[in-house]
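In the two complexes that follow, chain A is the common piece, with chain B as its partner first and chain C second.
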Partner chain A sequence: MLAIGAVDEFVQAVIQGLPVGSVYALIAIGFTLTYKTSGILNLAFGAQAYVSAATYFELHVRREWPIWVSLLISVGILAPLIGVLLNQFVFKNLRTASPVARLVVTAGLMVALPEIFKIVTDFERESVFGAVGIVPDGKIFYRIFDRYPITRDEIVQFTVAILGALILFALFRFTRLGLHMRGVVESPRMTELRGIDAEKVSSFAWGLSSLYAGLAGVLLCSTSITTIEPGSFFQLVIVAIAAAALGKLVSLPLALAGGFFLGIMNTILPTYITPTSIIGQNLGPSLPFVMLFAILVFMPGIKASKESRDPMAAVDPPTDTISIAQVSPWASRIALIPSLLMGVGIFIWVLTSADQFWMLLFTEAVIYSIIFLAITVFTGMGGQISLALTSFGAIGAFTVFQLTKNFEMSSLLAALIGAALGAAVGALLALPVLRLGHIWLALATLAFAFFFDAVMVKFPWVGPTSMQTAEIPRPTLGGLDFGNDKSFFLLCVVLLIICSLFVSALKRGTTGYMLQALRGSEVASQSVGINPTRWRIVAFAASSGLAAFGGALLVIGQESVNYGSNFAPLTGLFWLVLVITLASRRVSGAIQGGVVFRVFPDLILIRLLHLAPQWQFALFGLGAINFSKHPEGLLEYSEQKSVRRFDRLISRFNARKQASKTEVPS
Partner chain B sequence: MVAKKFKLLSAFAAVALIVGACGNSGDDEGTTETTAGGETTTTAGGSGGDRDTFVSLTGVPGVSDTEIVAKAIGVLSSNPLGTNILNAYADGVKAYFEWRNDEGGIYGRKLVLDEVIDDALAKNKDKATEVCAGGKTFATFVAPLLFSGATTLQECGMPTFSWGIHREPADNDYIFPSVAVTCQDCTSPINPWIASKLGVTKVASIGYGVSENSKVCAQLGKKSFEQYTPDIEVAYFDDTLAFGLPTGIAPQVSKMKEAGVELITTCIDLNGMKKLGEELQKQGMDDVIMVHPNTYNQDFIKANAAIFEGDLVGVSFVPFEAKIESETQAKFLEYTEKLGLKSEELTMVGWINADTFFTGLLAAGPEFSQVGVKDALRAITEYSAGGLIVPINLSTQWKLPTSADPTTHGYKQTCTNTVQIVGGVFEQWSGEAGKPFNCWPNPTDALEDPVATSFSDAG
Partner chain C sequence: MSLLHAAEIGKTFGSLRALDEMFIDIEAGERVGLIGPNGAGKTTFFNCLLGVLNPDSGVIVFDGKEVNNLPVYKRARLGFGRTFQRIELFSGLTVREHLVVAERSRNGRGSFLRDLIWQGSPSKAELAACDEVVELLGLGDIRHELIDSLSLGKGRLVEIARALMVQPKLLLLDEPSSGLDVQETEAFAEALLRIQQERKFAILLVEHDVDLVSSFTQRAYLMDLGRHIINGATSEVMKSEELRRAYLGDGEGAQQ
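Take a look at the complex of A and B:
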C-alpha cells in the first residue's frame, strides 16, 4: 500500500511536471533552432516571443478577433516577418563578428523590440491580463488514467513541443533544406560556391526560428505567463537555456529532453522536500539557475564546443576598425581637448548652478562610470562578458548597509570593504566559470545573477528585512563631511579619478598586456608561458571589485539600498549593452557611458524631445545593432574619425609647408 | 478577561468619543475642531467656513493666485504586474479635483494635477527629485511599485500622498499613505476570524519567497492562526514560491489536497492567484476558498469568474459594492461616471489621497504652505476620508508600530473589509448593511466576535 502510494506520488509529480516541462522544451527547442541555424545565441528570443504574444492578445482579447485570424497575423505573418527583417538588417552583418558582438546585438534587440512594440501599439494603455490560448475553452481538463488532470492548453503546448521537435529534427536530418541551413551557418561562402542562395536560406532559417518564437510566446501566455510583460518571457528563456545547454545548444532531442527534465525536477522537488527546509527554501526558487550553472560548469565538453569557424571567413573579413595607431599620438591628445573642456565645463556648472535634480543625475553619472569601469576591465581588456555586474554592485551595497547598520562604520570604509568582498566573491566565482569563455561564461554569470536575486537577497544577513529601514548614511572623512550633495559629488569625482587611474595602470601594466595577448590568441599566449586562468581571475576580481565599489557608492548617494530599482539582474545586461555599444576598451568609454546612461534620457529624450521613457530602451537597444559594424564602440568610432580627419588636415598643412619651403630655393 | 473587556470598552468609548466629536460635521462644510488637548479632527467638507477666503501668497511652490499645482508620479511602463496603476490612480485624483473645483475650488484657487509622470518602475527617485528641484509643485501624488523617492520627497518638504502599500512612508512625516504604515511583525485576527466564520478546520498560508514582504506576510498568517485559533490547523505552509508562479503550483496544491486544506490565505499578487485558482480547479478543489489580498479588480474577476467563485478579497477601503452614508463615496461614484472613468481600486486610492490633500489644505487655512499642510494634517487624530477607510491618527501613525508596542503608532482598531466573488462580481461579505467594516480593538489577544462598523461619521 505504501509502495503504491509512493509510486502514485511519483507518477503524479512526473505528470504534473510535463506541462512545465513542455514550456521549457518549447523555448529550448526554439532557442536551439536559432543557434543551429544562425550560430547566434539569441537573447532576443524572449522579445520575439513577447511581440507575437502581445499582438495575439491585442487582436484576440482586446479587439475580439477570431482565434485563427489573430494567430495567423501574430504567429503566421508577424513572427516570420520579424525574423526575415532581423536577418536582413542585423544578423546578416554578424556572420563574421565575434561572439561578444553577436551577444551584444541580440541583447540590444532584447531590450529594444518590446519597447518599440509598446510605443507603436500603445500596448500598456490598459491592464494586460486575461490572456487565453489558441484552443477554445483551454482550461477544460481531462484526466490521464482517470486521475491526473491536464488542460486543453497544456495538451496543445505538449503536442507542439513534441511535434515541433520531431519536425525540426526531420528537417535537419532528412531534407536538403536542413542541410543547407546548417551549411550556411558554417560557411555561407562555401554553400554559395555550390550554387545555394545563402541569403534566401538564411532568411528562411530566421523566419522559421522567429515563427517558432512567436508560437512559443502565444502558447506560453495560456499556461505559464499570466501577465504579458517582456521580463517574464526573458526569465523563462533564461530557464530554458539550461535545457538547451544540455544539448550544447545544437541538439534538438537533448533540448527537448532537457526541457522535460527541468520541468519534472520542478515538481519533484516540492513533492519530496518540505518548503520550510533549507533545501526547499533555497533550491526551490533557484533550481533552473543552479541547474544552468551546474550544466555549464560540470558538463563535459561544454567548454570544448567552440563556435564554428568558417574556412572562408577571410572572404568576409570583420569590419575594419579605425586603429588608434593610424593617427599620431599627439593628434589623439589634441582631439581629446574638446571632451576635456566639456567635462570641466560640466563639472563647474554642476558645482555652481545645477539644481538638486541635475546634481543627482551627474553624481550618479559619475558613480555609474565607476561601475562601468568594471566593463572596461573585463570586457574591454579581457574580451569576456560578465552578466553578473548587478550582483556585484549589490554585494557592495549590502556590505555598506550591514556594516553601517550593525557596526556604525563609516560608509566610505564600508564601501572599500564591499569592494574587497566583491573582488573576493568575483575571484571565487571565476575559478569554475572562467575556463568556459565567451557565451558560456556569459550564461554562467547570468545564472549566478539570477541565483543571487532569487536566493541571496532575502537573507537577513545580506539585505535589509521588512523590519529594517534601508537607510545608509553619507560618509565623513576626518573633518570632512560629505553629507550635502555638492561635497558628495566632489568625493565621487575624486573617487572616479582614482578608479580611472587604477584601470589605466592595470591596462598599461602587466595585467593589461597579458589580457591583450590572451585576447589575441589564447593558444599562442599559453605557448609563451602566459597562464590564462590566472590573469583572467585577476581581471574578473578587479572588475567585480569595481562594480561592488560603484554599487556601494550608489546606495550611499541615494542614502538607501533600493535593490529593486538599482540591481535587478536584467539591468546589468542593459549596462553592458550600453557601454560596449559606446566604447568598452577605454576608460573614457566608461565615463561617457555613465553620462549617457544617467543624463541622456532626461536631457535629450524627455526634456528636449518630450518622448516617453520607453524610447530610452528602444534607442539604446537599437544602438547596439550598430555594434556589429563598429566593434570599437560608437563614441570611439566617431572620436577616432574626427582624430583621423584632424590628422589628415595637419598632414596636408605640413605637406604644403614642406612644398612652399622647397619652392623658395628654386 | 477583565483587562480584555476593559480594553474593548475603552476602544468603544474611544470610538464613541470620536463619533461625538465629529457629530457637528456637516456634509457641506469643512470643519476643524480643536480639543482641549490640542488634538484636532477634521473633515473635508464642501464650500463654507473660510474655504472661499483668498489670500495672496508668495514663495509657496506651485501656488499662484489662481491655481494650486500638484503632480502624480507612478508606474506606467515596465509594470511587471500588468495592471493599470498610474492612469487609474491619476484619474482618481483628477476626479476629486474636478469635484472640488466645481464647488469653487479652495481659497479662490483651482486644484490642478498638471503632470502625470511615468517612473518606469525604477526611476521613482529621479522623478521625485525632478519634481522637488522644479520648485513649481505644491504636492505630489505617488503610486509606484518601488517607492525609492520617499526620502527625497520628505527631505524637500513636499506634502506627498501615496498608495498605501509601501513601508517607506514610515518615519517620513510629509508622506500620507492611503493606508497607514502597518506593523511588520504583528499577528492579526482577521484571517483566523474568516476561517472560524466559515467553519473550516484546516488552512494553508502561502507567499512568495523572493519578496520579503510576501514571505513575512505568509509567516505572520501562520502565526495568527496559531495564536487566535489553535483549533484550526495550518496544514500547509509555503513561503518559498516563485514570483508569478511561472512553473505552476501543482505539487503544492497536491500537498494541500492531501492535507485536507479547506481555506488558503495568500500573500501573492492577482496573477499568482489566478494560477492557484486554476490548479485548484484542476485538482478538484473548487470548493476550497482562497483569501485574496490584492485582487480587488472588477475586470480581472469578471474575466476569471469561474476560478474565483466564492473567494474572499480584502479591500483597504469601503468597496464600490457597499453603500455607506458618505458624501465622499457618493461624489466618487458621481464624478467617475461624469468623467467616464472606470472605477478601479487605484482610482479610489487616488481619490482618497486627493481627499487627504484637500483636508490638509482646509486645515492649514487660507495662508497655507507646504509645511502648514503637513503640520495641519499631522494634528488630525481621526481621518477616514469621509468613512471610506479605517480612521487613521495622522499625528501618530507615521511611525512603524511593532508587536511590542502595537498601539502608540498603530490603528485603534484592527478592521477588515471583505468582499466575496459571486458570479464574477464582488458582494459585500464583512459587516452588515451600511456598516461594511468588521473591527476588533487593537491589540486583540484572543479571537472575539468583531463589531460591524461604519466610519462615515468619523473625520
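Take a look at the complex of A and C:
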C-alpha cells in the first residue's frame, strides 16, 4: 500500500509539474536564444514578462476586454515590440562592452522597466490580486486516468507552451531566417563573415525572446503567480538562468529539457520535505534560487562553458579595456577640491542647522557610504560583482539584534562582531563560488541573496521573529551616549573616515596591486606566482565585512531592524548599479553614492520636483543604460573631463612659457 | 639531472590527439627551441609544462621536483617564467607597477594585515629592484606610462621584465615574434640574449618562425601532429629533411 501511495504521489507531482515545467522550458529557450545571439544574460527577462502580464490583466480583468484582444495586444504586439526596441536602443550597443557593463545595464533595466510601465499606465492604483488565465472558467478540473486532478488552466498552459516551443524549432528548421538564426547561435562571427545580416537576426531573436517572456508571464498568472507585481516575476529570470545553465548555455534543446526538469522538481521536492519545518515552509518560493545555486556550484563544466568560446573567437579584436586618461597627479587632486569643500559644507550645515529629519537622512547617507565601500572593494578594485550585499548587511544587523537582546552587549561592539561574522561568512561563501568567475559568480551571489531572504531570515537564531520587537539600542562609549542624534551622526562620520582610510590602504597596498593584476589578466598573474583564490577571498571577505558593518550601523541608527525595507535582495541590485554608474573605483564614489541614494530622492525628486517615488527607479534605469557608454562611472567621467581640461590649460601655459623662453635668443 | 625533464606527455581534446608521447629535456642556462608548423601542438605542450593544461599522461620534473600536480602559480614560484602568444598585461597599471606586482608576489611580503597598518606601499628596496630590471630592458623612459598606451613591441618587453622579476630558472616564450616586424624581432632577440647571458637562466623558445629559432637557440626540438620528430643541435635540425617535410608537407611553405 505504501509503495503504491508513493508512486501515486510521484505521478501526481509529475503531472502537476508538467504545465509549469513547460512554461519554464519556454522561458529557458527564450532566454538562451538572446544569450546565444548577443551574449547578454538578460536579467530584465522577468521584467518583460511582468509588463505583458500586467497589460493583459489591465485589459482583460479591469477593462473586461475579450480574451483574444487582450492577449493579442499584450503578448502578440507589446512583448515583441519591447524586445526589438530594447535591442535597438540598448543591447545593440553592448556587444563590445565588458561583462560587468552588460550585467549592470540589464540589472538596471530589470528595476526600471516595471517602474516606467507603472508611471506610464498608472498601473498600481488599485488591487493587483486576482490574475486569471487565458481561458474562461480556468479553475474547472478534470481527472487524468480518472485519478489525477488537473485544471483547465494547466492544460492550456501546457498546450500553449509546447506549441510555442514547437514553433521555434519549426522556424529553425524550415525558414531562411531560422537557418540564419541557428547559424548565429552557433557562431555569430562565422555568420557575419558569411555576410548574413546579423542585425536583422538579432533583432528577430530579441523580439521572439520577448514574446516568449510575455507569453510565459501571462500563462503563469493562471497558476503560480497571483499578484501582478514585479517581484513575483523576478523568479522567472532565475528559473530561466538555472534551466539555461543546465544546458550550459549552449543548447536550446538542453535548455528546454532543463526547464521541464526544474518545473517538475519544483513540485516534487516539497513533497519530500517536512512541510512544517522552517525549510519546508519557506523553500517553495525560493526553490529556483536554491537550484540555481546548486547547479552553479556543483555542476562540473560551468566554468569551462564560460570559457569555451565561439570557434571563430580568434578573429576577435582584443577586448577593449577601460582606458584611464593619464593626467598629472596633482591636477586630479585639485579636481577633488570642490567635492571636498561641498562635503565639509554639508557636514557643518548638518551639525549646526539641520532639523531631526535631515539629520537622520544625512546620518543614513553616511552609513550607506560605508556599505557602498564594499562595492568599491569588490567591484571597483576586484572587478567582480556581488549581488548579495543586502544579505551581508542583514548579517550585521541581525548580529547586533541578537547580541544586544540576548547578552545586552554594547551595540557598537556588536556591530564590530557583526562585521567579523560578515567577513567570515563571505569567505565561506567565496570558496565554492569564486572559482566561477564574472557572470556566474554574480548569479551565484544573487541566488544566495534570495535564498537568505526566503529561508535563512526565518530562523529564530538569525532574524527577529514576527512576535519579537526588533528594537536595537544606540551605543554608549565611555561617558559618551550616542542616543543623541547629533552625537550619533558624528560617530558615523568618524567611522566612515576610518573605513575610507581602511579601503584606501587596501587600494594602495598589496591587495590593490594583486586585485588590479588579477583583473587585468588572471593567467599572467598566476604566471608570476599570484594565488588568485587567496586574493579574491580577501576581497570578498573585506567587502562582506564592510557591508555587514554598515548594515549594523544602519539598524542602530534606526533603532530597529526593519529587515524588509532595508535589506530586500533587489535593493542590493539597486545599490550596486547606483554605485557602479556613479564611480566604483574610488572611495569618494561610495560617499557620493551614499548621498545620492539617501538624500537625492527626498530632496530633488519629492520636495523640489514633486514626482512620485517611482521616478527614482526610472531615472536610475536610464543611468544604468548610459553606463555602457561611460564604464568608468558618470561622476568619474565628468570629473575626468574637467581634469583633462585643466591639464590642457596647464600644458598650454607651460608651452607658452617655453615659447617665450625660446623666443628671447632668436 | 636536467633542469626540466618532461616525458611521455599526452593530451587529448575530444577526439583530437593534440599531444602524443611528447618529451623535452632542458639543462640549466641553455637556450632551446621548439619548432613546428601551425597546429603542431606547441602551445598545448607549453601549457602542459606550465600547468595551464593538465596532461592526460606523462611526468614533468623541474629542478629535481615532480610538478605534475602543482597549480600554475606554484610552478611559477619554483622558477617557471613565461610570456604569452597573445600578450597578457595588467590593464590600468604602469610599466613599473607590473614589476612591483611580480616583485611582491616573489618576496611574499605583502598581506592584507600589512595593508591595514599602511605598510602596503612598495618599499625603496622593492622599487630599486624593479628599476634595475626596467633599465635592463631599456624601458626607463616609459616606466611611468600606463600599459594600455604602449606598442606591442614594448608590451612584449614588459612581459619579459615582469617574468624576470620572479627570478626564473627557466623562461618559456610562446611565439614572441608574432605581431612584430623584422626590426622589432631583431631588437627583441638582441635584448633577450643580452639579459640571458647576464642572468644565466634557461630559455625555451616556442616558435613557428624558423629564423628566430635558428639564430637564437643552441638546441632545438621539432614536433608535428602532436609528436616529437627530431631533436639535436639547432643547425642540424635546421638542415634536416624532417624539417623540410614537416613544413612543406603541411602546405605551409617553409619560412623562406
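Keep in mind that, in the parts below, the second predicted complex is superposed on the first by the 580 of 666 C-alpha atoms of A that agree within 3 Å, B and C clash if a C-alpha of one lies under 4 Å from a C-alpha of the other, contacts with A are read in each partner's own complex, and residues count from 1 in each chain.
Just so we're on the same page, a contact is a pair of C-beta atoms (placed from the backbone, for glycine too) under 8 Å apart; a residue touches a chain by one contact, two chains touch by 3 or more.
No experiment lies behind these values; they were computed from the predicted model shown.
Enquirer: Considering only the touch criterion stated at the top, classify A:Gly263 as touching first (chain B), second (chain C), both, or neither.
Expert: first
Enquirer: Identify the partner contact of A:Gln526: answer first if only chain B is touched, second if only chain C is, both if each is, neither if none is.
Expert: A:Gln526 contacts chain C only, not chain B.
Enquirer: Comparing chain C with chain B, which touches more residues belonging to chain A?
Expert: After superposing on chain A, more of chain A is contacted by B.
Enquirer: Quick check for you: in the superposed arrangement, does A:Ala97 touch first (chain B), second (chain C), both or neither?
Expert: A:Ala97 sits against neither chain B nor chain C.
Enquirer: Look at A:Leu387 in the shared chain and tell me whether it touches chain B only, chain C only, both, or neither; answer first, second, both or neither.
Expert: Neither: A:Leu387 stays clear of chain B and chain C.
Enquirer: Just chain B (first), just chain C (second), both, or neither: which does A:Thr227 touch?
Expert: In the superposed model, A:Thr227 contacts chain B only, not chain C.
Enquirer: Taking the superposition on A as described, I'd like to know which of chain B and chain C A:Ala449 touches: first, second, both or neither.
Expert: A:Ala449 contacts neither chain B nor chain C.
Enquirer: Quick check on the output: what are the common chain A residues between the chain B footprint and the chain C footprint?
Expert: The overlap between the chain B and chain C interfaces on chain A is empty, containing no residue.
Enquirer: Which stretch or stretches of chain A touch chain B in the complex?
Expert: On the chain A side, the touching residues are 12-13, 16, 19-20, 23, 118, 124-130, 139, 141, 149-151, 223-229, 231-232, 235-236, 239, 263, 266-271, 275-276, 280-281, 284-285, 355-358, 360-361, 453-454, 457-458, 463, 465-467, 469, 471, 558-560, 562, 564-566, 568, 571, 602, 612-614.
Enquirer: Please output the residues of chain B touching chain A within their complex, sorted ascending.
Expert: Interface residues on chain B, with respect to chain A: 76-84, 87, 118, 120-126, 129-130, 132-134, 146, 148, 151, 156, 167, 170-171, 184-185, 209-210, 212-213, 215-216, 237-242, 244-248, 250-252, 254-255, 270-272, 274-275, 278, 281-284, 297, 299-300, 303-304.
Enquirer: Given the complex with chain C, which residues does chain A contribute to the contact?
Expert: It is residues 318, 321-324, 326, 502, 505-506, 508-514, 516-517, 519-521, 523-532, 538, 542 of chain A that touch chain C.
Enquirer: Would you tell me which residues of chain C are touching chain A in their complex?
Expert: Contacts found on chain C: 50, 52, 71-74, 76-77, 80-82, 84, 86, 88-93, 97-98, 100-102, 104-106, 109-112, 114-121, 145-146, 148-149, 159, 162-163, 165-166.
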